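The next part holds the structures, each set out as structure tokens.
One chain, chain A, appears in both complexes that follow, with chain B as partner in the first and chain C in the second.
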Partner chain A sequence: MKREGPIALLMISGVLYIVSVMLASPVMEPVAATLDDWYKIVVGFINLVGIISLTQVNGRAVLRKSSGWFYNALLIVVLYGYIILGLVGGVGNVAFTRIYDNILTPILMTIFSTLTFWIGSAAYRAFRAKNLDAAILLVAGIVVMIGRVTLGSAISPAIPKAAEWILNFPTVAGMRAIEMGAAIGGIVLALRMITGLERSFMSND
Partner chain B sequence: MSNDIWVWIGAILTLGTYSVLYKDNPVYRVLEALFVAILAGHSVVINWFNFQKPTIVNRLGEGKELIVVIPLLLAALMYFRYSRKFAWLARYPMAFLMGIGAAYVLTKNLKPMFLTQARATMLPLWVPGDFGATINNWVVVLGVASVLTYFFFTVKKTGPVHGFSRIGRIYLMIAFGALFADTVLGRVSVTLVRFQFLLNDWLGLGI
Partner chain C sequence: MEVSIFTKLDSLDRRWIFAFQALVFCIVILNPVGLALNVGDQVRTAFEAIESLPEGSIVWFATDYQAANAAELEPAAIAIFKHCMQKNLRVISGSTWPEGGAMMSRLINYVAPEFPDKEYGVDYLNLGYRPGGQVWLQQLTDDLPAAVGGIDHFGDPISAYPIMEGLEVIQDVAMIIGIHVGTPGTPEYIRVITDPHNVPMITVLPAVSVAVTMPYLASGQLVSIVASLRGGAEYELISGFSGTAMTGMDSQSFMNLTIVIFVILGNIGFFYNKYKEGSSGGGGDNV
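Entry: the complex of A and B
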């Protein structure tokens, strides 16, 4: 029951879903809709597992008085304070939305923007034209970067056109092939899971 | 300078977050803790009002849809992962999610991710009277075919196949260069918005 039960459930739920979608008959269609519904309900509860893990990790650091435990304690206090505020006052609660809009959003936007500075140093390493591949990467990157700001059209009207062409044709071709390859990989993995060959999700327990 | 307390708070938070560019410091670590806590807390509240409450209170309580008990019990098994003795019970909800996820990939993802992409690549290699379109179609068809060859690892690539896969590698370099540049520009735009907030909304310099 410890290994066979979950694999049987995986196979039955997967095959039932496929059959109900493929047949698309009035009898089977509600089955797919019900399974979809159940999926959403189960996924909704995963969230709480993350909160329990977050509490465990930070709580342990506080109890052991590890270095920087104050930050862990702060995290727990704010986490549960904010959850209580939201659950008691509702999503439309002024304090709840104020904290989200005026505290979380500026931090989130700024963290996102700090990546500009890190990405600059990454660009320096990636764009060093040490070989043909790196040189092509460099040229494509520079043309797109210059072509998509006003500087590009100020230098020559051909640069924005070249940038558009690179994005619309060679880039689309490369990304399309990657997506197709990922789709094939996804299908193979899904088949392995439904046939019970892929069991790595049980290895951690 | 702004008189709005929330603009001041936003400015302090922005400068505090930027302080990590110099080095890790206590202000940044406080903001980091706030960020994680508020984001996680927000997800719990939104999840409750969007998923758990409509299911438990509305459907099971008022609607008396008893069938909802099945996924709820399945979801509850997830919390056995914290018990050493019964941790294996947590495999059941995971197995259910994986089964539906795999079936979803097989039934719904195949068309948009593979068939539509393959069909979009079936372009005419000769467009009468439009040399530019002909070249562009060749670029796309050659690119997709060569990149797929580059990712073909079943047999060792030698001779013309190796040469063709090399073209695929060049396509990938162009694509990665262009996408990297696009990402850089996106980040720079966000940085400019933060600087505009600091200079205009907070300091009122009207730049």
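Entry: the complex of A and C
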């Protein structure tokens, strides 16, 4: 029952949702609307699961005085402190927004911006013309990198045009094929899950 | 045995690359070159699409991004928001991303001081984040006030705001400006709102998402893509609302050039070693 229960629930809700969308009848409309609401509630609980998991992992590290336990403790204090601040004062209160705008946002932007250094290093290691395919990728990459910034048109008007062509034709053709393949794969996977053939999301089988 | 400089080029320590990039960045930021910026077709199309909207039309800002992406996307979002205010359009935002409400508050803080005659709840509104992703977008097409629970980002009832007049479903908006970085994002909006209900959409994207989104533009499902900091700079130029994007263009150009130079140097070293050893090599493991 531990396995059959979730599969039965998935089959029933999946079939109900498909039927309600396909038929679009006044009888089935409330069913789809109810399932939509349930979905939103479940998604809301995902945040709660994350908070519980963070508390468990970091709380355990603090209790065991593991290496760097101070940072685990700090995480718990900040996590619950910020939640309480938001709950008490609302998301519009000055302290809540100032912490977000002046601490969290600059930290996140800085971390994200440092990616440029890693991309530079990774490009240097990876872009080697070891064969014809790699050479084509290398040339296309260089043309797009230079053509998409102001330097490209300063060197030659042909570079931005070449970059546009690469993006508009080979890229679109390749991406469209990948996306259509992924979409068909998604439909097949959904059907397999609804019919109970796909069970790997529950366990290792 | 002495190692040739060409041999070293094949496996430079990454710290040299980081140091050189940092140096180039600092030099260019402190001494801007002022490379000419041209407005491309995509940004021109986006500008003209907003320009053609009748006064009082509602524009939906889908602020589906987070603080990490703000540096890349905010300049374009701010310039478009200012353009909307200048055109007397009404801007309402909603988000499927938890930080979306805070992102819209930041945009309002940047834009509002330049338009002191514009009021919250009359000319712009922040509905904030709602969970549910694509399902929530679907609910916006059935009953928008109900889908947002009748309140804005700050918990105040939206029925009191004049901006909500005539907005029952999201199909009532004249245009969607999607500021997207992932899922839910542009494909979800196209699937649920813009395609089935013929609502035009312009999407503001980070550079990394452009290739994935190009097929939607080619098929006519998007009006335009305003791509990355470059798109933001172009929009600042065409709209006349100068901001941070234009000042970042030189550094972006020279950082890209630095990476290209290192790639070329790496290949010189790779071919030198290959020629010398008569076998394939190259590509260190200390990325």
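Throughout what follows, the second predicted complex is superposed on the first by the 203 of 205 C-alpha atoms of A that agree within 3 Å, B and C clash if a C-alpha of one lies under 4 Å from a C-alpha of the other, contacts with A are read in each partner's own complex, and residues count from 1 in each chain.
Assume a residue touches a chain if its C-beta (ideal position, glycine included) is under 8 Å from a C-beta of that chain, and two chains touch if they have at least 3 such contacts.
These figures come from a predicted structure and were not determined experimentally.
J.: Give one of first, second, both or neither to describe whether A:23 is in contact with chain B, with chain C, with both, or with none.
T.: Neither partner.
J.: By the touch definition at the top of the document, which applies to A:153: first (chain B), second (chain C), both, or neither?
T.: second
J.: Identify the partner contact of A:63: answer first if only chain B is touched, second if only chain C is, both if each is, neither if none is.
T.: It touches nothing on chain B or chain C.
J.: Which partner does A:75 reach: the first (chain B), the second (chain C), both, or neither?
T.: A:75: touches chain B, not chain C.
J.: Let me test your reading of the model: by the given contact rule, A:109 touches which partner, first (chain B), second (chain C), both or neither?
T.: A:109 contacts both chain B and chain C.
J.: Could you say whether A:87 touches chain B, chain C, both of them, or neither, answering first, second, both or neither?
T.: First partner only, chain B.
J.: Between chain B (first) and chain C (second), which, if any, makes contact with A:121: first, second, both or neither?
T.: The answer is second: A:121 touches chain C but not chain B.
J.: Determine, for the superposed model, which of the two partners chain B and chain C contacts more residues of chain A.
T.: Counted on chain A, the partner with more touching residues turns out to be B.
J.: Between chain B (first) and chain C (second), which, if any, makes contact with A:50: first, second, both or neither?
T.: In the superposed model, A:50 contacts chain B only, not chain C.
J.: After the superposition on A, what does A:191 contact: first (chain B), second (chain C), both or neither?
T.: A:191 sits against chain B, while chain C stays out of touch.
J.: Once the complexes are superposed, what residues of chain A are shared between the chain B interface and the chain C interface?
T.: 36, 39-40, 43-44, 47, 90-91, 100, 104, 108-109, 111-113, 116-117, 119-120, 123, 126, 138, 141-142, 145, 148-149, 167, 171-172, 175-176, 179
J.: Give every residue of chain B touching chain A within the complex, in rising order.
T.: Touch list, chain B to chain A: 6, 9-10, 13-14, 17-18, 20-21, 29-52, 55, 67-68, 70-72, 74-76, 78-79, 81-82, 87-88, 90-110, 113-114, 117-118, 120-121, 136, 139-148, 151, 168-185, 187-188, 190-191, 193-194, 197.
J.: Which chain C residues qualify as touching chain A in the complex?
T.: Interface residues on chain C, with respect to chain A: 12, 14, 17-18, 21-22, 35-38, 40, 66-71, 98, 101-102, 105-106, 109, 128, 130-133, 135-136, 138-139, 142, 153-155, 207, 210-212, 214-215, 218, 227, 230, 249-250, 252-260, 262-263, 265-267, 270-271, 280, 282-284, 287.
J.: What residues on chain A touch chain B, complex-wise?
T.: Chain A reaches chain B through residues 2-3, 5-7, 9-15, 17-18, 21-22, 34-52, 54, 68, 71-72, 74-83, 86-87, 90-91, 96, 98-100, 102-104, 106-117, 119-120, 123, 126, 132-134, 136-145, 148-149, 163, 166-167, 169-184, 186-187, 189-191, 193-194, 201-202, 205.
J.: Quick one: in the complex, what on chain A touches chain C?
T.: Listed in rising order, the residues are 33, 36, 39-40, 43-44, 47, 90-92, 97, 100-101, 104-105, 108-109, 111-113, 116-130, 138, 141-142, 145-146, 148-151, 153-154, 160, 167-168, 171-172, 175-176, 179.
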